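The two complexes that follow have chain A in common; it is paired with chain B in the first and with chain C in the second.
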Partner chain A sequence: MSTIVVSRLRPGEGGALRLFASQEALLAFAIVGIAILVGLYNPRFLATRNLGDIVLGNAYIAVAAIGMSMVIVSGNIDISVGSLIGVLATISGSLAVAGVPIILVWLTPLMVGILVMMLQGAVIAYLRIPAIVVTLGMLSILKGGLISVTGGRWITDLPQSFHLADIELFGILPMPVLIMVAATILAALWMRYSASGRAIFATGGNAEAARLCGVSPRRTVVMVFALHGLFAGIAALLFATQLKVIQSTVPPNLELTVITAAVVGGVSILGGVGTVVGSTLAAVLIAEIASALVFINVSPYWIHAVQGGLILVTVVADILRRQRRQVGE
Partner chain B sequence: MAVLAPEVRSAAPRWLIRHETLLVAILLVALVILGLFNERFLTVDNLLNQGRLMTEVGLLALPMTFIIITGGIDLSVGSIVGLCAIMLGYSWKNLGFPLPLAIAFAIGVGGVAGFVNGLLITRVRVPPLIMTIATLALYRGLAEGISQARSVRNYPEWFFYTGQGEWLGVPVQLWILLVGIIVAGIALDRTTFGRTLYAIGNNETAARFSGLPVDRVKLVVYTLSGLAAGLSAWVLVSRVTTTRSDMGSGYELDVIAAVVLGGTSIFGGVGTIWGTVVGLVMIQLLKNGLALTGVKGDATIIVIGAVLIASTLIASSLHGRREVAG
Partner chain C sequence: MKQLVKHRMMKTAALVILGAAMAGGSAVAADKWDGGDDLPTSPLACDAGPATAAAAKPYDGGQPTGAPDKAGKPITLVDVPKLIGIGYFNATSKGMQDAAKEIGNVKVTTDGPTEAKIDEQIKFIDNYITRGVDGILFAANDPVAITPVLKKALSKGIDVVGYDANSQPDARQWFINQAQFNGIAKAMVDAMAKEVGEDKGFAIVTSTFTTPNQARWIAEMSAYAAKCHPKLKWLETVEAQEDNVLSFNQATTLINKYGDKLSGLFGMTSVATPASAEAVTKAGLCGKLAVVGLATPNAMKPYVNAGCVKSVVLWNPVDLGYAATYVMRAVVDGKLKPGATSVDAGKLGKLNVINGSEILLGSPFIFTKDNIKDFDF
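Our next item is the complex of A and B:
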């Protein structure tokens, strides 16, 4: 088992064929393929504005999926991230309306995100409570807390400076897309080439072996959750600043969309394998499918069924592929 | 293994007795305190009504106890409730099924949904957690897609008997839950099936090598979970008189919290139906007590979430030995 994991992770290994068959390539083909097919059926789908909106409106999901990928690679799961993003978006919106300096408005959600996730990571790693129990509990604490504090009020009259999403670099590249691309590249490089990044794979692949190699699986899990909190904070900012109002409730089923992006992006639910480039592509793919449904006259109410189906297909394919490889060796 | 088995058997009941006595003691104290705070609380009417409200989650908690004892989990139960509720309304209104057939059909759909979970968990070896997260999305998505978020109303009067009627002065659905509790309790405690669940949870590989039908038993418990969700959906639709695709969402929290609070170990191998029943009653009384003291519905999930984490923490620190083994 561990040998398979190691051989899949060695940087620079494998030729063109391998690249061709990789999850990222598959996702890229799917994104282009769907664009062409749906475009043939309904050319309006290919309008620059629509394609731009797909990426722009869902960059926050891709950013949150980066952290989720790390969590899953480390052999854990987090279902509280949707609620956390709702809470952090509300916090930053409230601060902005209260007239707090913009830098604090942007930094506070990041800090709170890191703290909440680190706390969860510590409970999981040091008190040995399964991640699903901790994050399910936290999900309801955050969700219930948010609704009972705000009563689901909408936050309006946000100051102009708050809208991160309106900032465009060189007049063409919107900030959310830039952040999504930069975060993906940095996280991918860090996970692949740094010692602490490699420790995540080692912990998820085989925690005992990792410990014997001098990696602390517990500290790694806390670190992973802290980073996940940071990405959740960034995602919350992108989410909060893309509209003119913030509805201070938890976005429904957001955690499922984030988990779908991470899993469909090629992160193995058995831990130890995965890339954040894949999860970002998967986030774009899911958003593209959601938009495409409308253009081919299928009701958008089917989107959650499509997401669930995508997770199932990817997971089953991943497990069958591993089983075949194990038999082969 | 021969050395391990008697040790486990002698250690588990002693710990269980302590855990359950403790729970019942806490329950009694809570009852008295809530009764003192509010005179409407300790009335027969209120308690029976709480029993009525508890049934939908209670029916799900019974098979969930089985599943968690085997070391698995089912996060999709709430979505199956939603799917079954929609299938009940849809098959009656849109497909023209007679209502009794629609009820049977909805429960059947629940069984199939649970069977699919069990099939992929046992045949493809998808971890239960990720399998049921996927179907949490999938089944809810099917409910939304099939219903197009339209609700179904105008059921005939007799249909409301299950959810609102009384038999011998006790809510009808409470009788269903009672039968379920007795059957599940006996099945877990007194049958080979029940003992197999503990064997799987304690050491699945050993259970397999002992010739126990591990996969078949797991398939059965996940299917039971789906069937219970179908039953729960029927009771729920009958109680609230309408069908919506978001029905049952968030139920997994209440169900898992009740089971874990009742002393079933999230690591598998330990747990009883009686514990789950006490856990259920505590969760329901907690909700009711908070509501009576003026806490709004949304805020109660904060408490339930905290109870879930805290009871797991306490159980695992009382029972540290299991962690090392796991």
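Our next item is the complex of A and C:
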């Protein structure tokens, strides 16, 4: 009996079951399950306002996690993204206060994000320096640079037109959620169906094999980082335009939250596997848990433990899955 | 079959654990507010002003050696704040100029580093010691590192008075303390009770439960509320670090969790207060849900001007600089000697000596719709 159970859970047998056991489905179940459990304890949790607020306030993390997922799938990592988002938010806010036309205010962080990340991608790909080293360096440069240039001064007095995150399409669809959903769907389709999207998986899975198949791993890494920079720029815009003050400091531990979302979303830290639908769902799940802890009166200290637990469970599950697959082969 | 039973048992265990966690969380008794520390509190009297009759501590400041008697004579002072060019220290500097003009025989120049760096600040002070001034006013970037250079000034017969950020006591003669924990606590709780009424519920957004200043303020607020506003109902304290968006999300969660039961939010940091105000604004509850908190005026102007926030608690940096200048003049004139219990500070009236060699600026300042436009920091 036990053998039957095990073999049923083995991936690759039966489409319905595989779908059932996919990371995205698990995350979706977790999101709904927690909502129901906490809702039973405190029905106010299920109020549409609260569920909407959870997504709204954390959409920027999901957007940043899309780029992070691509980077990790390509076999790299980036720990500078939190600092970059802080810098881009400050750049955008400074331009807005200086009275620069709003379209430039919104586009500049995207361009700067792409440039900074492309530079890092090029150093990683062509100088063969490990991503963790390059991005750690960039983290320090951006973090220190931001404090030196701004002196920690906040940006206030932002013009009303600056607040992209306050726009509601047709009066009901808030921009951050719209951008999050659209970016996730577009990125997911692109990664799955386009040749350059598949190249990311090939590069992260086995760079040598990818090269033999006509994929340039170096160019792919630079492209992935450029895209990551674009998503970091969008995330920075949502982050900066959400409130009426920009802090001019690097948001604490933001890169860890973004990496957590990617990893819990099912992106393998070993590269080659992962989806951005998973990372977006994971970002929502993490935000939901943070809110749920307040609703069930658990000390907020636990959010870090919960995040850490989620990472460990996902990573262990990923490794086990791989081993089982190897045994199966 | 065995497996099935085991599976079921595990499921039950998981549910029990979850249930216990929920029950345990909600059963925490709330005789003291979360986020406060365990140090003894000293709540102020309910109606009185800032009078502090704390146990007298002997004078512990330093003294200049061989200072020439300049009583009544014109003096030249230099003011070396943490950094120059920001609104806050522009305001203290303005206060000093105001006082100098009033007093007549005082000349103050503000000069200092453009970044809040202690090594730069030490160089500035050292240069002025060499150049020769009658007195130095300072706001220290580091209480310990600044001590040697200030002691050097004292040894050259230069009078030294600090404000805003202290050095070690024996490195200066006096320090103007802008606000005490129990003073801030009283101002916060009084403002909340005045805005929402005596028997309403409120919650607190703080940095972390262990941040020293915030923990002290919350402990003092808890003690003061128990004494003077016993019916105010504390619901919960949440942590938001010094993170803008997290503060906003936490405040929003509180609003959604408590609904009508929540009548007010305390912001314990200059990050949490504007973020809480933003959360109230976005929830469409301006005027129904009060936000009272510590914050700087510039970040709060949009909310105060929109009528969403009525009381922003802090101190008035213009008064702080003004008081520092009056204290320095009194020291030079020999009117403020070790052991004194108060000093005359022009339009601010008599200011009390506390903690041995500190002078308390007075009650905290409340920024409102009427006065917030006068401040730029």
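Assorted remarks:
Simple rule for what comes next: the second predicted complex is superposed on the first by the 315 of 329 C-alpha atoms of A that agree within 3 Å, B and C clash if a C-alpha of one lies under 4 Å from a C-alpha of the other, contacts with A are read in each partner's own complex, and residues count from 1 in each chain.
In this text, a residue touches a chain if its C-beta (ideal position, glycine included) is under 8 Å from a C-beta of that chain, and two chains touch if they have at least 3 such contacts.
Keep in mind that this is a model prediction, so the values were computed, not measured.
Of the two partner chains, chain C is the only one touched by A:P251; chain B is not.
When both complexes are overlaid on chain A, the residue A:P159 reaches neither chain B nor chain C.
Once the two complexes are overlaid on the shared chain, A:S148 sits against chain B and chain C alike. Once the two complexes are laid over each other on the shared chain, residue contacts for A:I79 go to chain B alone; chain C is not touched.
After overlaying the two complexes on the shared chain, residue contacts for A:L37 are found with chain C alone; chain B is out of touch. By the touch criterion defined above, A:V133 lies against chain B but remains apart from chain C after alignment on the C-alpha atoms of chain A.
In the superposition on chain A, A:L243 contacts chain C only, with no contact to chain B. With both structures placed on the common chain, the touch criterion links A:P101 to neither chain B nor chain C. Comparing the two interfaces of chain A, the one with chain B and the one with chain C have residues 148, 299, 301 in common. Chain C makes touch with chain A in their complex at residues 1, 3, 18, 21-22, 25-26, 28, 83, 85-86, 114-116, 209, 236, 238-239, 241-245, 248-250, 252-254, 256-259, 271, 274-275, 278, 283, 298-299, 301-303.
Residues of chain A that touch chain C in their complex: 1-2, 5, 37, 41-42, 44-45, 47, 49-50, 53, 57-58, 60, 148, 151-154, 156-157, 239, 242-247, 249, 251-252, 287, 290-291, 294-301.
Residues 77, 79, 123, 127-130, 132-134, 136-141, 143-145, 147-148, 253, 256, 259-260, 263, 269-270, 299, 301-309, 311-312, 315-316, 319-320, 323 of chain A are the ones touching chain B in the complex.
On the side of chain B, the complex with chain A involves touching residues 73, 75, 120, 124-127, 129-131, 133-142, 144-145, 147-149, 250, 252-253, 256, 260, 266-267, 296, 298-306, 308-309, 312-313, 316-317, 323.
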